[in-house]
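Please read through the structure below; I'll follow up with questions.
Chain lettering (A, B, C, D and E) follows the sequence in which the chains are written, and residue indices restart at 1 in each chain.
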């Protein structure tokens, strides 16, 4: 059964059309990736999915509920969340406060102490820095907070927007490891990445995007075998 | 207005203003024009620090008042002739800017706005409390009520201010450097710009013409007191004119000054029974213009033209990777 | 210009900080014009001419005042001008009317500064505060048991400061001991200062300020629980709005003025008595009017009298206006407001020195004259009742 | 061998109780590209800020071309030939691309016309010339990163600090940036670069300096460093080993 | 020295007034990043509403405080979307636009008030403005006016309630998140529009209640707003803009400076002293007394 069903959505920024009739779906429990060049429209897709920007046409269904046009705070309440590009932390709040905001929603509020503990287990570094304000964290630390904050929402689907951006190799592995663990734990994951190598390795299914359109799809191995994809996205 | 057509229009307006008094002898109209021109000068001088440099000076009126009082004191107590006193008004304003700027220009955004406001209030209180300003009674200057003299003096002064500022801000590197400070002070440092210095220069550059205009005002109106010359009037009007006209340009504030002043004057002269309505309309006008023309009139007009120009296809922005918030269209519409 | 009515410019503060005072002057001028026109106009050489007021807002700003004068004179071609509420605006307007040789009477500005400048074309119906201030101090010193100490506070604006200084010099002359003399920034809460004053236990507290400050002052005194034997304010308290605002706390406060609605004046021009004027004002504005408003109406009467005297018809030329000024310098007329006579030399040049300053006190919500002796309506109530036992 | 162009002598930088850079020393020879790597939060950007004058070192000193420059303000350092980019790109958003670069050109070309001409040259080099008249705010991430480099280059620096100018770019874009960097090296520029993308940093650097928890843990050629067990453990993880 | 206890008391009570003026104002700045020039006008509207309610019903104005809060909460709730629109504009400088927008509002409100309420000053009578406490029984010559004490109590209560709301409730967490990053707050489930409206409503409501209080302690008038706007700004800047916990201290400091200056120095220099002190503090600590402003 598909948890997320996107059907022919388009998005415009003023006069510029950024997405053209995008359709795809994510089944429950899957790790689906979306790859594509800079400016292909990946971030735009994610924003449209969670209601941060309006769609011009098409529909988005989450778990059978029509979420098109729903404001973002309602969408996330349904159990779908985004770890945004550039982390977007609350800069003046401490690490711990940032995490606690994650449990703002009623449904997550009750078990927030437990979740917090779990997150500190996953990222011990955050526990060390729990009273430091987010703006003074290094890039990698910030990424950990962003992921932790999303987990605090107790979501069913997590969407990641380039989580490995600016991370040291060891952290990149770390992040991918976390993503895989979350996947194993039963979460549905929608991953947008530039780090195509790694992504194709972990993804169950993959969409390729170019100039606002989906131009290819398949399993990791399928795509890795595809010569044009290799050339365009794997480089070197 | 880079084109020669713009320059031509400007030249025609200037010429018209220069010969106007020769064909028209209405002293009231001359007075209104004199004041209108003064406001153009005040608005563009304000825009140097506010629009080009990004520091909203809510104490702009203090420079005006300092200029006015300098001329008043020098003429009435030191018995200096007007022409000697006038430049000293500019000097006094420059000194004030220097002393006030050292600490305040370290402040950012709202802090700067409010600190400068506090400073102007402090100067007003000072004028109320010392002897040589006449305290709350104010000060009367020798009446020299020659409308032509003041009209031409104002026209030439503001014309000169305009040219100097235009050269410095639009032609010379200085203006671009200020804009760099406005956009990102920290980043500008890496490019060899000394923000402290540039801000100070721009503050002083904004103060000098304001002080000189204050001096002319004092001699022209013949009476100055703390509440009228050191009050909020000049700052408030300058803000409104500049925002309405369009910040960070010279033509915008000039346009804003002309329109707001004209609106005000027409209301004042011919709809005098509706003064309170005037407040309501002015307030509403400001609020509405902020909503619908956030770039000001000039900014909006010029933008229109730019969009109409075909050769440049604007490239869409992508999200910055920083923590900075990028505005997103309203949810749900 | 040929007209069959007098076109009269009015420059006053209809907006800005001084809007309250400006509107009071407007009432005075309006009431005069209304009354004149109701009587068919001003009769000059057997013909009656209506009057028409043209307003120009001085916006509480001297520059706007000067521009207003220029406009009224050159564009509206007014015959003469009724002047601003505040001294500041008057000081900017006066040189302009001098330049164009158009006479102006202000019904309100009472800072001594104007008259020191000796503007030829500017007159005022309200005596300057340094002329009126002494009377009430004198009245107070005649009370039994005579007060011995006084604290004087003035707000830091031209008029209020002059008031405080007038009280100070009068107190010095009357040998009252001045335990405190302070000028305070306008509009501030004065409680701490009054706490300090309280510790000195002065018999009299005198205060010069504007309407809003009067209210604050009374409330502050009451809040700290100090009742001096006498509390002296100024003319502002004669406006009904003051008693409306402070209610019973206004009781027994003294004030300085030169006119009240019950003043014993007799006149042949327009209103026969002060109370007739007060009644007319009550009818028009639901407010009996205070001495500023009265002064403004009296300004109109002064013009009216001078016009009749020189036979100046509407559309006066410069020579006629010069004659009008001469006539003004000479008039000595009894009005509902009292005697109007402008000084022609000295520090009160062109200010009205025909009036007798009055000491008033608020008794049962009414303004009662309690001094000087010749004008007394009611005995002064003294010492003041404790705030608490009201 | 000549005197190194940059010497970092026992630099320590503390924020309150936190020591972000801890007693780090290394030097950069004229004409080389030195890569500065290390886990997130190791102190790389902080060190850049110290070298470029944004922070004064808590201890230690920075010597550039024989002069002690520690604590000198950034605009002074720009004047002596140090150009830098920012990890979080900072275009002057309200200005055009050309204006952005012209501002930097003023340093060596005080006349506006000269500065503009120079800015055009820089934009040609960095491949932004076709977007010169666009608002800087309208650039894509790749464009902005390139603009960062353009601004630093417009200073005509002898020494360039590049903070993650490749991060976030797709392989094609990344390749073009690497090309650009190599071209600059060929022109004689000395470069200190921070980057996490291994295939970039390993390829272009002559030497690497590795930071961890603010301390220098290794220094050497890419080959040496990548076989250093400390570095592998702290930075690359098992996989790259 | 005999006067010192009274000087301190007066200063603290005055400080209490400043707290009420500034605290909610600081909150809106912190959350919405708007410097509301109309703060004094909200106070003025509240004061007149209290005045008329008292006149019509004859009941003590303190009883109306909740009513006034509710009315003005509603007003603020409705006005906020417009301000939101101005601030989220992508053109121009939103900070400045917000400032100028509310500046326009303030002018308009002043004009409306002069039209509707006239130009006379007035006062709101209250049973509490009658009495005062005396501390002579404990050997201090200190008088505490009841109404001012009520003002201080109100200030403390508002401060505590706001503090509790922001720091201890989930709503407060959402508000703080919204203050720092609007999009991210949305992703956390915070309803930006509604939360913003609540905050602005709370601010307008508190300001209006403050107006009633000021009307009881001091005076009211259509042009009263400006002076309070100035003090609201100064307190908030002194506290560090948007730093709520700093407001009470900054307000008390300002009150004490005024009181001590009036009593021990030349009273006519009081405001000069206030401005100079504000100025000096900003020099030393550009982001307010505690360096924690945003």
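Annotations
By our rule, a contact is a pair of C-beta atoms (placed from the backbone, for glycine too) under 8 Å apart; a residue touches a chain by one contact, two chains touch by 3 or more.
By chain, UniProt protein names: A, D = ABC transporter ATP-binding protein; B, E = Branched-chain amino acid ABC transporter permease.
Only a predicted model underlies this, so the values are computations on that prediction, with no experimental measurement involved.
With contact taken as defined at the outset, subunit C and subunit D are each touched by B. Counting contacting C-beta pairs between every two chains, the top pair is B-E. As a whole-number value, the distance joining the C-alpha centres of subunit A and subunit C reads 76 Å. Remark: subunit D and subunit E have CA centroids separated by 48 Å (rounded to whole angstrom).
Work out the mean CA point of subunit B and of subunit C, and you get 38 Å between them.
The multi-chain contact residues of subunit A, meaning those touching 2 or more other chains, are 38-39, 52, 71-72, 88-89, 91, 165-166.
For subunit E, residues that reach two or more other chains under the stated contact definition are 114, 181, 183, 186, 192-193, 268, 271-272.
Within subunit C, the positions touching two or more other chains are listed as 15, 17, 156, 185.
Residues 50, 52, 71-73, 76-77, 81-82, 84, 88-93, 97, 100-102, 104-105, 109, 149, 153 of subunit A are the ones that touch subunit E when the two sit in their complex.
On the side of subunit D, the complex with subunit A involves touching residues 15, 18, 37-42, 45, 87, 140-142, 164, 167-175, 196, 198-199, 234-237, 239-240. On subunit B, the positions that touch subunit D within their shared complex are 171-173, 176-177, 179-180, 182-184, 186-195, 248, 312, 314-323.
The part of subunit E that touches subunit C in the complex is made up of residues 2-3, 6-7, 10-11, 13-14, 17, 114, 119-123, 125, 129-132, 134, 141, 143, 145, 147-148, 217-219, 221, 223-224, 227, 258-260, 262-263, 266-268, 270-272. Those residues of subunit B lying in contact with subunit E across their complex are 54, 56, 103-104, 106-111, 113-115, 117-119, 121-122, 125-126, 128-129, 236, 239-240, 243, 247, 276-280, 282-288, 290-291, 294-296, 299, 323, 325-328, 330-331.
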